[in-house]
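Shared between the two complexes below is chain A, which pairs with chain B and chain C, respectively.
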Partner chain A sequence: MTKQKKYLTKKNPLVKSKINHVSSHLRSRATKALACHAAKGDFVLQECSECQYISYPPRDRCPKCWGVLTWKHQKRHATLLAETTIHSTTDLYFREHVPWRIGTILLDVGPTAFAHLHSNVQVGDKLKIHVMLDRSGNPALFAMPRKVTVNMEEDYQYSQFTASPKGKRILISDGRTEIGQKLTYELIKAGAEIVYLGNADSNLRFKGQDSISKHKNVKIIPLNLLSTKSVKKCSQQYGGKVDILINTASYVRSGSIAFSGKITEMQNAIDLNVNGLTRLAKAFCPAMSARSGDEERPAIAFLDILSIFSLTSHPDYASLAASSAARLSIINSLRSEMSLSGLKVFSTLIGPIEDEWHQDIPPPKVTAEQIAKSVITSLKNGQELTLVGNVAKDIFEKWSANPLLTMRETIK
Partner chain B sequence: MKRYQKSYEGVSLCAPITIPYRRYSPETAHWWAGAALKELSLQTNLTANDIDGVIFSSFSSNPDTVVGIVQHLGLSPTWMDNIPTGGASGVMAIRRAARAVQSGDANIVVCIAADTNHIDSFQKTLDTFSRFSQDATYPYGQGGPNATFAIMTEYFMRKFNLTREEFGKIAIAQRQNASTNPIALMKKPLNMNQYLDAKPIANPLHLFDCVMPCAGAEAFVVTTPEVAEKFNLSTVKVLSTIERHNAFSEDHIQYRGGWVKDIDDLWSSSNYNPSDINFAQVYDDYPVIVAMQLQDLGFCENGKIKQFINDTDFTIMGDLPLNTNGGQLSAGQAGAAGGYQNVTEALRQCIKQPLGQQIPNSTKGLISGFGMVNYDRGVCTGAAIIKTDTIR
Partner chain C sequence: MTSKENILISLAEKISNEDIRIIDLTNTLSSEFPVIVLPPEFGQCDHFSMETISKYDDNGPAWYWNKISMNEHTGTHFDAPAHWVTGKDLPNNSVDSIPLKNFMAPAVVIDISKECAKNSDFLITKKFLIGWEEQYGQIPKNHWIALRTDWHKFVGSPKYLNMQNDGAHSPGPDKSAVEYLVHEKNCIGLAVETVGTDAGQAFDFDPPLPAHSILHGNGKYGLQCLRNLDKLPTFGSIIVANPLKIENGSGSPLRVFALVDGQNDEL
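Our next item is the complex of A and B:
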């Protein structure tokens, strides 16, 4: 059983926070490609398309026959051959985290590799290997015990690669929606200390308000993403105590470009989906990244839930698709910016939701509950990119294979 | 296919130069290389006009390689080479320079290794050391090769049943040898308790298992016996050499090096056995590498390294004087010069001009190099057997 972490309730304001170092950023292009798979939680290694030799570390040509290499899903099984505990290092990030255990693993599919070690694994043990994203957003192998054990994800080293909500203070930008509320309940179930739930208009009651406002771990707070002033005010009050920020806000209206849509709907979509996200990031990320190296209560993640049509456009939901595309771009820029501070940036790409705004779209659709559960999983696993629902998975798969064709397929 | 190595007839190694190391230096690698040339000219009367071959090794001369150094220091050689292989570069320099001299491509080859050590240069060297390190070593918190060698040491200890005491014996013997070398950076006597109780670095490595990075330069000359006579230089002959890169890539963790592949060639070409050798200067960034070399080079039966270490006295007056200048573990590791100090010290013992104490009988020596932990293991290995020729 993994030793559980103790959570403090109050931080001494006189103690200087630890500076947020991140591990080294230098990586080859091949290793950056590994990061794209790691972001989805996939375990891949390079395999030669000619002789099928599997190699590691990432290369540009096969070391056996000089053939071309492709990333392929591989079995995660490995054995721990040798280990060390680092007590002294020149690396500024790891200096804050020593003693730190690493070891040499032998993957069942062939190669050996250095990997970070879970505290429950010993030399000779059978392992399950994950490619995780480290605090610089780069891929690293992590060796977990093959057998699942109690509180396994609370391992100190593993927790440096994840954003588990347990014991965390979480802000949800829009609590008026079913997604915001379902997510709140799931986060509390996962051990969140408190959920600050944004409410854009205190004068208008919303569905579910009575029961959620009575919950002892929930605090409904004024937050209107359409108002820079409101977002700023909220960040002044809560920026210093938010560990995870989740943007659930979304403006969805059906409508095409030329015929059925209105310019005001496009403006509204852009103002909430694009500017709202930007206001949120601008107001909260500086304060959060300043605390990302904090020993006791680090700020760890920013998560955005957005439409899968960000990848492809959608003729009947043109304003949603256009604003989501911008939203995805903003998240990518933010991720790069935050990789210098160690704040993890997550995106949850969702298909059409089962709600009043997606009535024109036939099933399959995703429920608020599905989305909420996926968000928890992605935080717990440190998985930057999550796809929720069959539509999102289908579009992503097609888009990964051929983006232009996938965009054309949305044309009737 | 068996290779038949041509002899090194007509090749003389001479003029070992060591510029005293410093822990940190504000100077550049170019400055240190210049210091080595200056000292060489003072000791040998060689001038820039005499030098027609140059080999250069450095980690800190960036962006310059040998060509930058040649122009910087006003040389005009007919032949030059850059050998960027750290701990293996000295042995490789001997091999390349010897063949250049034999073929007549160059007549007087000066081999120089120079590295500075600024306050931040260790980190800079690490950052740009190799692509595999960037991708698959440094992200694991290693901040240098310590953790890689820790894993190798842990594995080697289990495989060959060694304890920390055996490695301690090597470190302590080298420290004792260093005590006679006035320019060794670490001369304070070391005992077993101090070795065992030292600050942990990465299990099982502790402080005295690790070299101290520093600034320094080493140089030597490879030429013909005729030129050596003309300049009145004592000479050393090359009997045989080997070199091997990326051997045993199938081993999951390194416990042997490329020497194993070519060891029979090394001894048979030299017409000697390990027991004939008077002293050994082997690469010693960590004691485990010393143990690995002694075993791989045939000083003991494979698998018997524990007993060999326990039975052998490695001090200058001992059975097998080892790293008689203190090695890098006690004299300091001046970057690529760490891969030349084994050569210069071996030459000095052969021509009876040691920095420290002279080995009583020192005509036949072994030099071994090990370099470039590009990822999880040392990639480059090499060795040479040398013999005193003429002492002037």
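Our next item is the complex of A and C:
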């Protein structure tokens, strides 16, 4: 039986919120490499290219033969050999979370390792192992039962590694778009308590406004990412209530650098995609960080949806690509900054969308529904980096193998 | 010459004594103030935006100042002839070259607020203007023509732009009215409370956007997004409208005000 989290509608306002602590940032380069794979939800371990020995934890050389280690996808299966429950510790992070169960697992592919345990697993059980990122972005093994059970993702220890929308108060920066609205409905389906939906211009109505504004779990609020005053005002009103913030705003116009593109369009793209994201982070992240350790209603995540062309550039969508590259850079800086407070920072990289601004790009294109579902999955799984659509997946795979070549490939 | 005989000193004294009152016709520049919306494939008008550089803080301990940005046609603004293609080849067609004397001119206020309350698409025509003259008197030459619609009362609500699926719906003049005002009254320009001198549906008129097309093609000006026209008398006020001296500027946000005789019975 999964020990479930309690979802409170209100917390006692006289109780001091707990300060969030995160685990140590001191990790080897090899461990940080594992974190990169964990961010995508991959289960990889190091394998020796000389003796094929599979090892854990991450190292610089093979512990058997000093051979070169390479990251390879592995079977996630393991058995729980032993377990213990920690009741007392000097570690500031775990002190807030004891009792905490950990155990020794024997991976089917060879190594034994320490893992955090789901409340449904017992010694001798067959396990499914995930590499998860903790609140400070460090990778750790988490042992789940092999059999899927109801509410298993609500396990208290597991939830420390994820950002499930269930019971959460969520702000979506741009509710005027189809993506913002589909995402709202998916979040409510996933159990979100309320979605605050940003409306940048109350002078102009938007498609879908009538139906979404009537939803009892949705509150449409003024929020214009082009205005520092508007973003500040919004954070002053809602910053103390937002548990998850999702930035859906994006300015997309086709145009090249020298010929068809306009300086004003580049400025517009930079102002919304780059400065808008910065305004949002600057206004909300301090307030959210202050609540990231709260026991009852913690702020847990900041998620940005951006174009895959952030990695490669795009000659016909130069302003989108340039501003998305800056956006990705901002998110990486923010992730590092937030790792000190425990607020998880997610990026959802999307391929061209099926909308009016991508008419001259041939399929496959991604739909608002695909994006919405991927965002929910990434939050539920604590997956910091998600790729939506075949174009995004293909570009990312090529870019991972050879970034410069992938940039060249976008040249006509 | 004594100060009492000097007309300017006399004016200053009357302003100081409030025998002549100054009415602010300007809306406050803020990021919320609506701007004209064009079909999305065209470049758009930017809202006003402001970033604080310092406010007695680490970036400037004893001083407060902001960085601002906007379109030339954001907020209460002035349209120069160069704004429209019909005025592109005229002399002195940009804000930096307009003769200064044109920045200060008398105004006649035509009140169509009742008609607009009943019909958002109310169009002022030459026939209407002639009928108006029969009732109120001749429209003088070399005046700003100020259309009082009370539209400024909608600022802050969607009703101001009144954008529907078939475009915006707001009042304005038709071709016959603009031609009458320009060619027979030699107006300085058209001063309105709406977001543009043209009616919301004027893109579909013949010619499209007749106010912009005819006014600017004949070297006349536009003033948009005004307020407080309901505080001006029908005749006898002076509008002061000085656009910023922007090199080759097509227009400019500005502080517009009117001088009004404080004793005027109509107020």
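Everything below uses one rule, namely that the second predicted complex is superposed on the first by the 409 of 412 C-alpha atoms of A that agree within 3 Å, B and C clash if a C-alpha of one lies under 4 Å from a C-alpha of the other, contacts with A are read in each partner's own complex, and residues count from 1 in each chain.
What we mean here is this: a residue touches a chain if its C-beta (ideal position, glycine included) is under 8 Å from a C-beta of that chain, and two chains touch if they have at least 3 such contacts.
Since we're looking at a predicted model, the values are computed, not measured.
Contacts of A:T228 after superposition on the shared chain: chain C is touched, whereas chain B is not. More chain A residues lie in contact with B than with the other chain of the pair chain B and chain C. By the document's definition of touching, of the two partners only chain B reaches A:T90; chain C does not. In the superposition on chain A, A:T264 makes contact with chain C only, while chain B stays out of contact range. Once chain A of one complex is fitted onto chain A of the other, the partner contacts of A:R205 are limited to chain C, with no touch recorded for chain B. In the superposed model, A:A82 makes contact with chain B only, not with chain C. After overlaying the two complexes on the shared chain, residue contacts for A:P57 are found with chain B alone; chain C is out of touch.
No residue of chain A contacts both chain B in one complex and chain C in the other. Contact residues on chain C toward chain A in their complex (touch as defined above): 30-32, 34, 37, 40, 43-44, 47, 49-52, 157-158, 160-161, 163.
Residues 201-205, 224, 226-230, 262, 264-265, 268, 271, 356 of chain A are the ones touching chain C in the complex. Partner chain A is touched in their complex by these residues of chain B: 122-123, 126-127, 131-132, 134-144, 146-148, 150-152, 154-155, 158, 199-205, 249, 252-253, 375-376. Against chain B, the residues of chain A that register as touching in their complex are 23-24, 26-28, 30-31, 56-58, 63, 81-91, 93-95, 97-98, 100, 102-104, 106, 112-116, 134, 136, 138, 140.
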